[in-house]
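Order as written gives the chain letters A, B, C, D, E and F; numbering starts at 1 within each chain.
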Amino acid sequence: MERNGRKNAEMRPVHIETGLQKYADASLLWSQGETKVLVAVTIEEGVPSFLKGSGRGWLTAEYALLPASTQTRCAREAALGKQSGRTVEIQRLIGRALRRGLDLERIGETTVKIDCDVIQADGGTRTAAISAASLALALAANRQVEAGRWPKKALRQSIAAISVGILAGEIRLDLEYAEDAAADVDLNVVMTEAGAFVEVQGTGEQGDFSREQLAAMLDLAAGGCREIFSIGAAFREGKV
Amino acid sequence: MERNGRKNAEMRPVHIETGLQKYADASLLWSQGETKVLVAVTIEEGVPSFLKGSGRGWLTAEYALLPASTQTRCAREAALGKQSGRTVEIQRLIGRALRRGLDLERIGETTVKIDCDVIQADGGTRTAAISAASLALALAANRQVEAGRWPKKALRQSIAAISVGILAGEIRLDLEYAEDAAADVDLNVVMTEAGAFVEVQGTGEQGDFSREQLAAMLDLAAGGCREIFSIGAAFREGKV
Amino acid sequence: MERNGRKNAEMRPVHIETGLQKYADASLLWSQGETKVLVAVTIEEGVPSFLKGSGRGWLTAEYALLPASTQTRCAREAALGKQSGRTVEIQRLIGRALRRGLDLERIGETTVKIDCDVIQADGGTRTAAISAASLALALAANRQVEAGRWPKKALRQSIAAISVGILAGEIRLDLEYAEDAAADVDLNVVMTEAGAFVEVQGTGEQGDFSREQLAAMLDLAAGGCREIFSIGAAFREGKV
Amino acid sequence: MERNGRKNAEMRPVHIETGLQKYADASLLWSQGETKVLVAVTIEEGVPSFLKGSGRGWLTAEYALLPASTQTRCAREAALGKQSGRTVEIQRLIGRALRRGLDLERIGETTVKIDCDVIQADGGTRTAAISAASLALALAANRQVEAGRWPKKALRQSIAAISVGILAGEIRLDLEYAEDAAADVDLNVVMTEAGAFVEVQGTGEQGDFSREQLAAMLDLAAGGCREIFSIGAAFREGKV
Amino acid sequence: MERNGRKNAEMRPVHIETGLQKYADASLLWSQGETKVLVAVTIEEGVPSFLKGSGRGWLTAEYALLPASTQTRCAREAALGKQSGRTVEIQRLIGRALRRGLDLERIGETTVKIDCDVIQADGGTRTAAISAASLALALAANRQVEAGRWPKKALRQSIAAISVGILAGEIRLDLEYAEDAAADVDLNVVMTEAGAFVEVQGTGEQGDFSREQLAAMLDLAAGGCREIFSIGAAFREGKV
Amino acid sequence: MERNGRKNAEMRPVHIETGLQKYADASLLWSQGETKVLVAVTIEEGVPSFLKGSGRGWLTAEYALLPASTQTRCAREAALGKQSGRTVEIQRLIGRALRRGLDLERIGETTVKIDCDVIQADGGTRTAAISAASLALALAANRQVEAGRWPKKALRQSIAAISVGILAGEIRLDLEYAEDAAADVDLNVVMTEAGAFVEVQGTGEQGDFSREQLAAMLDLAAGGCREIFSIGAAFREGKV
């Protein structure tokens, strides 16, 4: 399967655009190849009941595919009256991953809500959402720090995520939709800037994978995450 | 209440962007001042059961506010498991209005689905959605005609919509959110290119309105709709 | 299409019956031709959370078709687990219209609930429900005033509503179901006793309408509303 | 506790009114004292999937309290999105009881739907609904027979139901709401015209009951059912 | 229909096993022939809102069939998003019956929750659940008394339940599934240790029943309940 | 934290009991320490609509915690009307894992349903469910093969799963609930008998993990899975 000239270890180009949503505490449109995710961060007073009185904050995420984002239009979950199992699984993953980026002990009883709405889906939407959300969270946190509402160290670290897959025996980074649909094994990796793992989710529905394949996939993923951290850093320094 | 130098009879500037959603049959991001609505048209084989065997087509619309589109984040309806009364009312209005634009007798047993997702909400989202949807429908219909799937006259006419309100006694065109929230009377008008009405929905929750006020509001609305038809025509001719 | 000898500008006869529901603060069965709506007003302590502490009251309405009220039995919404879009739209309209009749500032933190249950549906159920609810609200308000619970001016004004339509080019008042189903344009008008508009909802799903047609429809509607106010006044004076 | 001069073994007066719902196959408003139930019978082609191809018919019932029917307004189940356990239990009982009245083998693949909407609830609504539904079913069946759609013996037998209770040691027939709320034991009995039992549902939430008390309650119930059969017969003969 | 050598008046053997659920306040697996019900009692601080401040406790029950418990797998209600009418009816019955066993005035504002999960369903699951729950409640109450949290007389009395049916004219005790499915009349009886009735629910969907048949069924049921009380007493004395 | 004398690399003892559910195609109660999961396999004719006509089979899983299975009673999802995100995630994982064990191409248009009901939850319920389900699937497949309904090679391979965690810097196999709640990192591993990975799900909500820690965790997991395969083999040979 062709991948438009990309090498197996090569990520798709990332493009970041801001300014679509002025009411959010931070918002950006993250394009990774043809995958486009609009991510918004909203910071609200108060915490869910299980944290009331704890002095700690909380972070939660929601995810949706816009109906026209997919090759064949997908049904609107609000109209169905129910989020799918896939949606719930993805938004739980995004929330867990991002909570590693924020020091919930330092933000008081405040809730951070991350909305990830997929405008166009060409594979890797959940990992793109995590990388985008980490960057948007950094932007929002900076504003909170500047406004004196959060201490300087509220933001703990950046988080990045990328997918890797095995396709007809080849290990490929950052799968497009057509690759993802044909892959035997699919691995999503979430990492910290320091190179540690936050999540490793490998699934072999069409095949299983060996210890060596897992190692090779983790190597590719680590390279991808390093590149995402560079892109984020350049963006924050105004270089992109 | 200030309106950033706009006169009472003046519409907000409209900006149209395409290219965000390549899988849809047509998609565009319609900005009217700070209100931004992403509209996508999807054409599917088949019709709902009440039309099966009739040889006629159908058109239906769905509407949603992205959670971060509003000044205070609004809850995601998919997570609530239910569309609000306001959402249902708006998407029924959009569907009714757009069905006037398409000749359902000529498209065979085909369903047109219009998705209106509000990226940023600064008043007038339902009327912006209708104007945007009419333009996107024209783009999609052209492609269907070019591909030989629809006859030339499948598209019946363009549709435009605009809001008008009475605010502290003044009649104003194309209300922003702050104006809308303060208005005594709110009127949404949907018109055809020939200048006829498709929908007239005037509501006076904070006050009622006289026959003369209604006439003055309809005059302003007609002017607004003419301007929207010009913008659409220029866009289709590639002049915008 | 025949209308049983009625002229185009003629309303159906109205008949009002009380005594079916003794526990409500007011209840009446409003028959308008073959359309029959049972309306009950219940007054409860307290207000929804968005008004707590405001010192203001609230009014809300609910609407339902009994399953056997329609020509073909309609499904019971409680059994479906969901109110239809049409139901939600209608009950929002009734609530908005009736809030114009009551001075919510003067009734303290009290909620007025209006239940409109359609016993038999032969067209115009939403406008019949509004006219009936306004009369029932007046009865309930009188009792509140007599009991010293509400001030004399709690009731602001009476409200009436009627439908008008264009059918094969003719403008007709107070459409029956068969007319409504065949109409090109349908207009629902809600007015105050002083002759101002509270709601004007004109819809042209099968055709559009000109400024002149709108004016003619509004004339007919105004006449119909005046007649409804006379009926209500006579009823309250015990003359009916 | 007083019961307005009624003796313990005395039923409340029954009043039957027709003509409220012309679209149903039969409809009547059954008043038993202050309890009023509007019952409609609708006959539809087809049967649920578990009976398709069986050649047999089906009968099912739905029950609801109108919100203003009760002393304190009860929430509308369609708005809650869910029927209560009590509602489900009652409509299952009505359906079971009425299926004993109809010979489902003789009506072909036809479904009889019985809607029981309580207009005013003063105790005994489920038993009143059963008695009323049996009479309405007889009226509808007669029309089916006259129209040649059902054979003569489609209607098997009449069904009647009544409540009995133990209140401060006294056994009373046909409890009003205040009695029902104060009763130690509540028994609902459904009988055939031939004097056999279809359902016997005795519940002692506030107390239990002996074999002797059960016998005495069944005696009273049998008398009540006989009276209901007389009322129904007189009604069908046009004597009421 | 054979019943494996059992006589008509003979109950199926009962076997009681504990130790499956250590976190509950009491839990036991009740086997009655091939019917197996796992019952757990959980005691929680607090009461539902309608009892807050009353000083009284509450008891409520939930019931479910495990999907693989039935001859043909039944759908999981959590996946359907709804409890069936049958489930709701049964859990209301269990709750009512068990509230007769506990003195809610003596346990303070405490809620007892009884979970009845059917592992294998061979008829009579609701009556087995009641008998089992009464025994589990006694075990839990003893622990509460021993721990000084409840007074000695919190437990009012034991409760037992059994089914009886009429099958081809024969009256049989404790129906198995095949018998239940073929029965003309089905009677569930709930009794106290003192021999009084708590619930009598007789249903004749396939036939009706006479006063004499009812008497004979009640005799068999009373014998069955006496046997269940003996089994419970032996179990509590450690003899089983 | 103590673990009752277990070493870090030591699994909890497994105990397998059959005979609780005779109607299922296979059923067993899997105890792993204090965690107890009742697993049933049901084989049904037909496949979901997306596979109709494909000639392939399907396998799907459902998971639930019985309310009294947890230290603090958890709410019954059927009563809530909704499965939690955690439940949906787990049952999707179980289904994916088990589909690797069965050759869906060889079983025709047949659906295998796996019900995993947790009787007692002391950590590791999802991995215990997978190991148990694989064994139950083998039993059911054998019966299908013996009955001539499935070919010999329908069962592809056995599957096992186990959890590993990092707790205060120590890597431990097969976490109990108290360990799981205190763990910094939690890894669930699903493997084939041949030693390949089917799923690797590592999550660091309280901390992240290095490449070396991941390797050490995978080593422990592989050992645990080997032990589970031995237990399953012994069971199938009748040695347990």
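Here, a residue touches a chain if its C-beta (ideal position, glycine included) is under 8 Å from a C-beta of that chain, and two chains touch if they have at least 3 such contacts.
Values in this document were obtained by computation on a predicted structure and should not be read as measured data.
Q: In the touch network of chains, how many steps separate chain B from chain E on the shortest route?
A: The distance in steps between these two chains is 3.
Q: Measuring centre to centre with C-alpha atoms, which chain is farthest from chain C?
A: Ranked by distance of C-alpha centres from chain C, the top chain is F.
Q: In steps of 5 degrees, what rotation angle do you get fitting chain A onto chain D on the CA atoms?
A: 180
Q: Can you check how far apart chain B and chain C are, centre to centre, with Cα atoms defining each centre and the answer in Å?
A: One centre to the other, that is 28 Å.
Q: For chain E and chain F, let me know how many angstrom lie between their CA-based centres, rounded off.
A: Those two chain centres are 33 Å apart.
Q: Counting only Cα atoms for the centres, state how far chain B is from chain D in Å.
A: Chain centroid spacing, chain B to chain D, equals 51 Å.
Q: Chain E: which residues touch two or more other chains?
A: 81-82
Q: Have a look at which chains touch which and call the overall pattern line, ring, star, complete or other.
A: ring
Q: State the ordered list of ring chains, commencing at chain C and continuing via chain D.
A: Following the touches around from chain C to chain D and onward: C, D, E, F, A, B.
Q: What part of chain A is in contact with chain F in the complex they form?
A: Against chain F, the touching part of chain A is residues 85, 88-89, 91-92, 96, 99-100, 187, 192, 194-205, 208-211, 214, 218.
Q: Taking the complex as given, what residues does chain E use to touch chain F?
A: 20-24, 27, 34, 36, 38, 40, 42, 44, 62, 64, 66-73, 76-83, 87, 113, 115, 117, 119-120
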